[in-house]
Amino acid sequence: MASSSLDHTLTLDIPFETEAQASIAMRVLQPDPILRPQDFEVTYSTRGASLVVSVASVDDRVLRVGVSNIIDSIKTIVETADELSLQQ
Amino acid sequence: MVNLNTVPPRNNRDYYIAIGLEGSANKLGVGVIKCSRSAHMASGDNSHNCDVEILSNIRNTYVTPPGEGFLPRDTARHHRNWCVRIIKQALEEAEIKNPHLDIDVICFTRGPGMGAPLHSVAIAARTCSLLWDVPLVGVNHCVGHIEMGREITKAENPVVLYVSGGNTQVIAYSENRYRIFGETLDVAIGNCLDRFARTLKIPNAPSPGYNIEQLAKNCKNKDSLIELSYTVKGMDLSMSGILAYIDTLAKDLFRGNKKNRLLFDKETGEPKVTVEDLCYSLQENLFAMLVEITERAMAHVNATQVLIVGGVGSNTRLQEMMGQMCKDRANGKVHATDERFCIDNGVMIAQAGLLQYRMGDYVKDLSETVVTQKFRTDEVYVSWRE
Amino acid sequence: MILPQFPDYEINVSLYENVQNAADIQSRVAELPYAFIDANMICSVEQLTAAIYRTLMESTYNRLRTKTLHSEVLLALSPTSNIGEAFKKFGVKSTSERLIVVQINENGSQKIDDSLVQGDSVEFKDENLQSYCDVDAIRKVYKLDKSFQSNNTSDLSRALVDAIQLRGL
Amino acid sequence: MSQEIVDTVTKYLTPNIPIKQISQGAEAVVFTSSAHPYLPTPEHDADGKPLQYIIKYRPPKKYRHPIIDRQLTKHRTLSEARLLSKLFLIGGINVPKLIATDPYNGCLWLEFLGEDLPNNSGFSNLKNFLWANVNDPYNDVVKSTLIKVGEQIGLLHFNDFCHGDLTSSNIVLARDDTQSNDWKVFLIDFGLGSMSKLVEDKGVDLYVLERAIISTHSAFSDKYNEWIIEGFSNVYNKHGKGGETKLKEVLKRFSDVRMRGRKRTMIG
């Protein structure tokens, strides 16, 4: 019932340097629960070196706020990966 | 029997290295500690005496303009902006070249605190853990303060007064938990001082409480006091009424409300009371209440030591009053940690987290790393003490 | 008798029955260096000695409300701070047949003048006091309402001692 | 340092009153004495042993401002004395007898209650009593005693009084002879007590005691707290519909206070 009304959707495709980094980003993001699952859904997956974020929401506003928070977290992950990855 | 050496250090080292990340309020802190794996830690109750060496302790505080408090969203943004830079700086200062080999555990604050700032730091902690393949430990912020305080002061079993922006608790250890004997029934002491500082429109740097303390020191009329209610309820206390009342006084003083006879002379209309007097009376009253509930807990559990932790613990007047109480009470000793460790920092998270890690208690699945705003001190199972 | 906390005061208490000259004594109360108490209003030794204790306490901390220690004893017995009332309720009446005489000497000892009260001197002790105290009058003066049920003198006495300690505080 | 306190008290009570310190609470030092402040002949118990008396002294606290200290000492000494006197007048409530009050020096004389428990288990307050029964924690004597504890608190609250510091050390058990299992329950230490009709104060009282039991007897606290509430409810339920309604209000607030305590937002 609930998911049928989540008709505002968006898919983000975020390229990382390596497949491993994309997978790390997915695992970092996955654990956090969504505050209002009836209004907002998100799934994380990877395609090659890309992180794929699929979002569905009840309206544009909720979608915007939710996506903005996710992007904030992804920025931290990207910066961490860039600056703090182990030197080969 | 407590064995703190169950998990061996990585890379065949004879010492542990832990990094701690703290960001539950407006302070972002990262610290790296080193701790030898000495034989005496394998048995007995030595968690207060781990020979910790602090390799780095970096902090960055989000300071708001006078009259403003810090909001979760803005604080989280501050932490995100600084987090990686601070971690990098802490690693460099600690001369960590290869975190995969040189670090045993990444410790981060899981709560209590403001959700958004906690989360922003947890994201960085998880990423580091996966990048470096180093285990994670989620730490209770209050337990971090307690363990750091015990290590710094070598206080074995103190009654802990935890006083900060969000917490006012009297805690004592019993049967593997830090149990709360008394606490505020409404606002926290630090919050109370912060809010009064906002009414006074005094600067938030270095901290509102520090500036109130300086004003109180400059009070010219220490022989008299503005009468405030004294609201100790058993081992608990209430502060919201006192705050509301003194806030009204301050506002009347600024507005020049001559009808307030307590503030203005009936004949001349001259003010009888200064901002310094208000700060002095507020501190004297609130701190007397804090010391009293601490003494009550000491009497209840037969303790002779007190440890003050949390940001308000760096107030010298509070330390002085606590010291006097302990002195009069069977020559007990007060152990105020020094300011570097009273104020939120990463080292304390590393210290508590490392103890937990050495008992084999670390994150097995990232779902255990979800942060929580509400996380009571007595929820943590303290495996590292008898 | 000496109260341990106030060793400088020597206290004498005498109890008389079949008193003949109550009216005479009452007319001279102001000039005689004693406190005269109607024994019907006293149900136990502790009731009176608690009042004496309070008197010496107030004296030590300069808080006497009356001119002499003897008049202060009468006030101390009373649950209210009205001195006239205290004398009326607890002091000697022209019709009193049983009397307690209290003498407090600061520094040095004196005896109660044997010829003062014309009556039979008996021991000042609980059994004697209980046998003739007027429980109803006492309850009324100390405003003990019906909800307080004192089945024995010791409960009654305890309530009076409480009232004596806390008057005016 | 507490020698300084002993010296001060000795000076003020004079050496004619022998004192022995038995405890140093947070705000008061408690002594026993064989001397009565004003009774001319010594009192004895049923076995002919001379009675002891309690002297509860609130020393000046140097850590706090002298104005706050004087006010608190006087206020608490007097308020404790007043409460003891009022509570005695209510049938069924057991509190120590008030012997003398000295608000000028922060001193109360009280009746001595309780005994030393067998096997070095300490003085017979509820805390030590429960420890003494740790090997058989749910025995009938423990149960009936805890129900009586609840009844005392119930009587207190039903009559609109609150204790303000209800811990297991502030509940004293006394019995007529050392063979008896019939403990009489006394509430002591009313320094923070008050007359109060507020459900909130009553809820906090119950919460404070519950937490005291949890923190010192955590393994058995569920049952213990249940028995206390059983006794507490007995008192209210004796007063018909009105009593039951009042009981519901107090217990509701008690659980609210508990939830607040557990879930209070705590920001680092």
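As written, the chain order gives the labels A, B, C and D, with residue 1 at the start of each chain.
Quick note on the criterion: a residue touches a chain if its C-beta (ideal position, glycine included) is under 8 Å from a C-beta of that chain, and two chains touch if they have at least 3 such contacts.
This structure is a prediction, so every number in the text was calculated from the model and none was measured.
Chemist: What chain lies closest to the overall centre, CA atoms only?
Modeler: D
Chemist: If you tally contacts for every chain pair, which pair is highest?
Modeler: The chain pair sharing the largest number of C-beta contacts is B-D.
Chemist: For chain A and chain D, let me know how many angstrom lie between their CA-based centres, rounded off.
Modeler: One centre to the other, that is 59 Å.
Chemist: Take the average of all CA coordinates in chain B, do the same for chain D, and state the distance between these two points in whole angstrom.
Modeler: It comes to 33 Å between the two C-alpha centres.
Chemist: So that we know how the chains sit together, what is the shape of their touch graph: line, ring, star, complete or other?
Modeler: Drawn as a graph, the chains make an open path, so a line.
Chemist: Under the stated contact criterion, what part of chain D meets chain C in this complex?
Modeler: 13-14, 16-17, 35, 37-41, 78, 81-82, 84-85, 88-91, 97-104
Chemist: Spell out the residues on chain C that touch chain D in their complex, using ranges where they run on.
Modeler: The contact residues of chain C facing chain D are 1, 3-5, 7, 45-46, 49-50, 52-53, 57, 61, 144, 147-149, 158-159, 161-163, 165-166, 169.
Chemist: Using the touch rule from the top, collect the residues of chain A that touch chain B in their complex.
Modeler: Touching chain B: residues 24-25, 27-33, 72-73, 75-77, 79-81, 83-87 of chain A.
Chemist: List the residues on chain D that touch chain B in their complex, please.
Modeler: Touch list, chain D to chain B: 1-2, 4-5, 24-27, 59, 61-65, 67-68, 71-72, 164-167, 169, 192, 204, 208, 211-212, 214-216, 218, 260-268.
Chemist: Show me the residue ranges of chain B that touch chain A in the complex, using the header's touch definition.
Modeler: Of all residues in chain B, those touching chain A are 76-77, 80, 83-84, 87-88, 91, 98-100, 119-120, 123-124, 126-128, 130-132, 366-367, 369-370.
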